[in-house]
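Before any comments, here is the structure.
Going in written order, the chains are labelled A, B, C and D, and every chain counts its residues from 1.
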Amino acid sequence: MKNVVILGASGYTGAELVRLLAGHSGIKIKALSADRKAGLEYGAVFPHLRHLPLPSLCKIEEIDFTGVDLVFCALPHATSQRVIKALPAHVKIVDLSADFRLRDPEAYAQWYGGPHAALELQKTAVYGLTEFYRDEIRHARLVAGTGCNAATGLLPILPLLEAKLIDPDEIIIDLVTGVSGAGRGAKEAMLHSEVSEGTQAYAIASHRHLGEFDQEFSKMAGRPVKVSFTPHLLPQNRGILATIYLRGEAKALHAALVARYRDEPFVYVLPFGEAPSTRHVRGSNYCQIGVAADRKPGRAIVFSALDNLTKGSSGQALQNANLMLGMEESEGLNMAPLFP
Amino acid sequence: MKNVVILGASGYTGAELVRLLAGHSGIKIKALSADRKAGLEYGAVFPHLRHLPLPSLCKIEEIDFTGVDLVFCALPHATSQRVIKALPAHVKIVDLSADFRLRDPEAYAQWYGGPHAALELQKTAVYGLTEFYRDEIRHARLVAGTGCNAATGLLPILPLLEAKLIDPDEIIIDLVTGVSGAGRGAKEAMLHSEVSEGTQAYAIASHRHLGEFDQEFSKMAGRPVKVSFTPHLLPQNRGILATIYLRGEAKALHAALVARYRDEPFVYVLPFGEAPSTRHVRGSNYCQIGVAADRKPGRAIVFSALDNLTKGSSGQALQNANLMLGMEESEGLNMAPLFP
Amino acid sequence: MKNVVILGASGYTGAELVRLLAGHSGIKIKALSADRKAGLEYGAVFPHLRHLPLPSLCKIEEIDFTGVDLVFCALPHATSQRVIKALPAHVKIVDLSADFRLRDPEAYAQWYGGPHAALELQKTAVYGLTEFYRDEIRHARLVAGTGCNAATGLLPILPLLEAKLIDPDEIIIDLVTGVSGAGRGAKEAMLHSEVSEGTQAYAIASHRHLGEFDQEFSKMAGRPVKVSFTPHLLPQNRGILATIYLRGEAKALHAALVARYRDEPFVYVLPFGEAPSTRHVRGSNYCQIGVAADRKPGRAIVFSALDNLTKGSSGQALQNANLMLGMEESEGLNMAPLFP
Amino acid sequence: MKNVVILGASGYTGAELVRLLAGHSGIKIKALSADRKAGLEYGAVFPHLRHLPLPSLCKIEEIDFTGVDLVFCALPHATSQRVIKALPAHVKIVDLSADFRLRDPEAYAQWYGGPHAALELQKTAVYGLTEFYRDEIRHARLVAGTGCNAATGLLPILPLLEAKLIDPDEIIIDLVTGVSGAGRGAKEAMLHSEVSEGTQAYAIASHRHLGEFDQEFSKMAGRPVKVSFTPHLLPQNRGILATIYLRGEAKALHAALVARYRDEPFVYVLPFGEAPSTRHVRGSNYCQIGVAADRKPGRAIVFSALDNLTKGSSGQALQNANLMLGMEESEGLNMAPLFP
């Protein structure tokens, strides 16, 4: 039995980790932190988990890290790097924030508006896209969870760049995402009255996950790759769907993806021509990918769907933690999606 | 042409007033105030109204009330009474807050937690339930808009108390309400992720609209009447549905309501046994009422549905303003509901 | 390892059973039937389950029941009784339809509009409310799953009748339910355009689950009990919330419910005065119950929330099947609710 | 006062026409047809319109067209052409079906799977995109309403092709649409349980509105133009949002659109860099267009939002009917959007 701590447990990704760990046979939650809500029972903050025997919320400084094997850090961006820097050397860390995703300090500064506070750690962090960094994750001390939009775009495109089946200069990622990705903070724009019954693009041509796309696509292609990327906010809670416009032979793309993901436990490539739905991965760690031919020769449309709180963040985090702790990679992650 | 001002125009009831007035032939908006958003164009705050020629938002103190006939006051409770107290004597006022709904200073202090700041005005305010105070409203300087839940419960029950067809000690109002009634303030509990796909009671046995029920029911019955009332929050934006359990003969209740509302432009009594839906009054000033017999003899179930932002607040406010300004009562209010 | 068959697997309760059994360590699905969709892969009908290794859909007559321990029957009402009558004697049965819920043939004929086709079986069926029929279920061949609305009302009220803490003649159950309870059949009234953004009562004073309430409440009280019951359709997929108006001392009611359910794995009584939400039980087998005092002395309001597809039907069915098969009652049912 | 008839009045576009005409000063509804629902009161089929004085539903053959000036035909595709062919010569017709949108009989046969039944009429029909066919519509006997997706894509792109500011071979239209566009027919895929909380592409590279895009874009460009087009179904009722990827200078594109639509009453171009939302046009006849620069030089992203039932079909139909009847083009269409 391994002991973990969740820092920043009062947000949605924290609660999702607790939900997943409740079904995990080898991990025990030793502490849950949430600064402003310290002292509260967890069930008072997330009533859907009130049946679970859990430690009350505490402040980070109250946590005794003796015997703790791994820390899930679900703190806000910028806060995360300062807290992680101060953690004792014996704990492994899965960070769900954006702080350690970009390896290049300059890229970090560009996308996040200032210098990094833990440059040494940044150098050693492993990017948490399990399907592409599995071996490094197994031996990492610090793994940086990917952006949820980034994961949705990277999984279908990386194998196609690797196989040189698409034109790297002609990649358009049009993406729709549910509202839970914006977190539990009280913002006018995320009110039910503002979100429901409507749809709208945001962060046009400027979303921070572009930094992750640039980093990973360029690395895979062996030369600079810049994609076009437009996210939209959907009137639903969970789920991201990417619709990706590519230059390449659709059948060949499909075959490459089928081959690449045949043995992956959580990435499922649909039969040619079928499109995935976010509702068919909700609450699960699965990513479903579809490929169709455009009516214009030499062009393909690729779809990718996952649950932003599971495969897009907390499920991915647990998948990585399992590897880092020497456990079965899929432990605690096999639950079927919830539909309807 | 009459001139009006809307104070507190950056909230949902303010925007609903602007929407309704855009279709009104005899009223011109002279100023729109919103303290924290002063200086902004109205279309920047409510992009659905950006096609309208409207004054920019300003601070109250910047408004010249010369030539203003009527003020709609959509400010928060407590703020409203202080602002209204200071308005020039020549303007008429329709207040959409709770500040002038209760005539009894003690009842006000009990439900709103402190003494009233404008006791003299409070005495003269007319309760804005048009169908029961039409003549007083016509001659009032200050009309206090009803609570949206209160309106939904009062309209079906008052005629039955008046006709002495029900037992005043056995009234249970179970009510579900859309989330727009909570306003545009950023609150965690009103986020899309918190509201959608779930339902829950709130303010159990303690909702402030009980004060209005007590006042109006007791007045009509000629003796103290206390109802049971449980509101619930629904995963939808607009609409309130009251399901009311009563002791009385259902057919007689239905007949009394049909007779009472036959000539009212905005209250529609359905055929016996039919139940109204909030979706069939959305965006309109209509209230639909239904009556059915319980399977237990001598008991009836009465339903009442309206749109909380229209008949429940801003539509009612305009209906009253029309009367106060000597205009056709239904001017600007005849739009059909929006479905689906 | 036990073998089960699911008849009528193309509906929502069938899919929910498959979802739950995917996480069950001791049960294997041997066959899945769906007459009109026979021949299709299960993942073509429910794409969220396409990652599971499952038998394709078949016709009932194609199933070899040799070695089958238990049949889940998720067929439509009326069809169910004819099919179950013809099942081989060695299989145990959990029926999710309404066919065997009422023990009295006359009551059955009254509520379901005709005589029962399997009267002998009807006599032996055990009512599937686990918390009240656990021992009989353990030894039953045929268990009749409760109505989902019925379960929501019975769980909080039965212990209060048992303890004689409430007036049996003054029970009002006001209930709101998500749309998945209406099944997957294509009906105009269940379209997204018809259901979303609106709420409405249905089956007023005539819902068939009244038959179950009458049967179980009268049995518990030892004399005829008739409740008032009004269900409403909500714009959400899963979840039932009952708001129950009772005569009795709220504190005593709360204490009785706490005591009654202290050792039950799936019924959770909230602290006094708190109200449950359907969103906090979604996708789980939990029922959350709350008790509050009305402002009128001697009156109480009791709330009960569960997921209609889980504790209200398929979760309950699995809980009962576990008992019938000599397994741990909660096996496969411990997943935490999905929120948001 | 002009007299109109609505054929196929039991669907959503029919009801939307009735809603709009209820606020029109110069048009009277003389008959409403709906074959299977003939004999019913209109309020029984659409309870949100029960307050209106309307003729009951009838069969087409029962209608006396004497004195009828114009027929709105909201019948299903294929049925429409047969019915319209048989209408008396004196009535003008606005057809909301797809039957007369394509001018080329071969294109029609290709997209709709068979020969046209009214070839002569097809030749004379005017395409109903008011902003581009205003003069022809004014003098037309038969106007073919555009597809709702088609309108959303045509309005922002046509002026750019006209001004030769974009590469006609590099147009990608990614589009999301609410569910009301699928009509009121009972289909499993449109159930609330299937649609809510999920998103998915459909009709990939094969949607029939491609026929309209091909026709209008090629005509405007003076040479064949084929776009890529992927529609998605959204969990909301009304609204279409197109996100369009183009090659061209974003600022120049914006300037051209501003200039082109400056005097149009219903097309509103947002300030550069802003994106429209479907929620800000709901229930209205407005189309909002936004233009932003991609981060890749020489590429632009253009957004277009409208309400599929209003500007996308029934509002457009009334706009055209106003022209055909010699009335003010915007009569009955000035209502502000409904938000929230």
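What we mean here is this: a contact is a pair of C-beta atoms (placed from the backbone, for glycine too) under 8 Å apart; a residue touches a chain by one contact, two chains touch by 3 or more.
Predicted model only: the values in this text are computed from it and were never measured.
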Higher-contact pair (C-beta pairs counted), B-D versus A-B: B-D
Most widely separated chain from chain D, with each centre as the mean of CA atoms: C
Centre-of-Cα separation between chain B and chain A, whole angstrom: 45
Centre-to-centre distance between chain D and chain B (centres being mean Cα positions), rounded to whole Å: 36
Residues of chain C whose C-beta touches two or more other chains: 12, 180, 193-194, 196-197, 235-238, 276-277, 279-280, 282, 340
Touching residues on chain B, where the partner in the complex is chain C: 172, 174, 176, 193-194, 196-202, 204-206, 210, 226, 228, 230, 232, 234-239, 241, 243, 245, 273, 275-280, 282, 292-296, 299, 301, 303, 340
Chain B-facing residues of chain A, complex: 12, 179-180, 184-188, 190-197, 235-237
For the chain D and chain B complex, residues of the former touching the latter: 12, 15, 18-19, 22-23, 46-52, 180, 196-197, 237-238, 268, 276-277, 279-284, 286, 288, 334-340
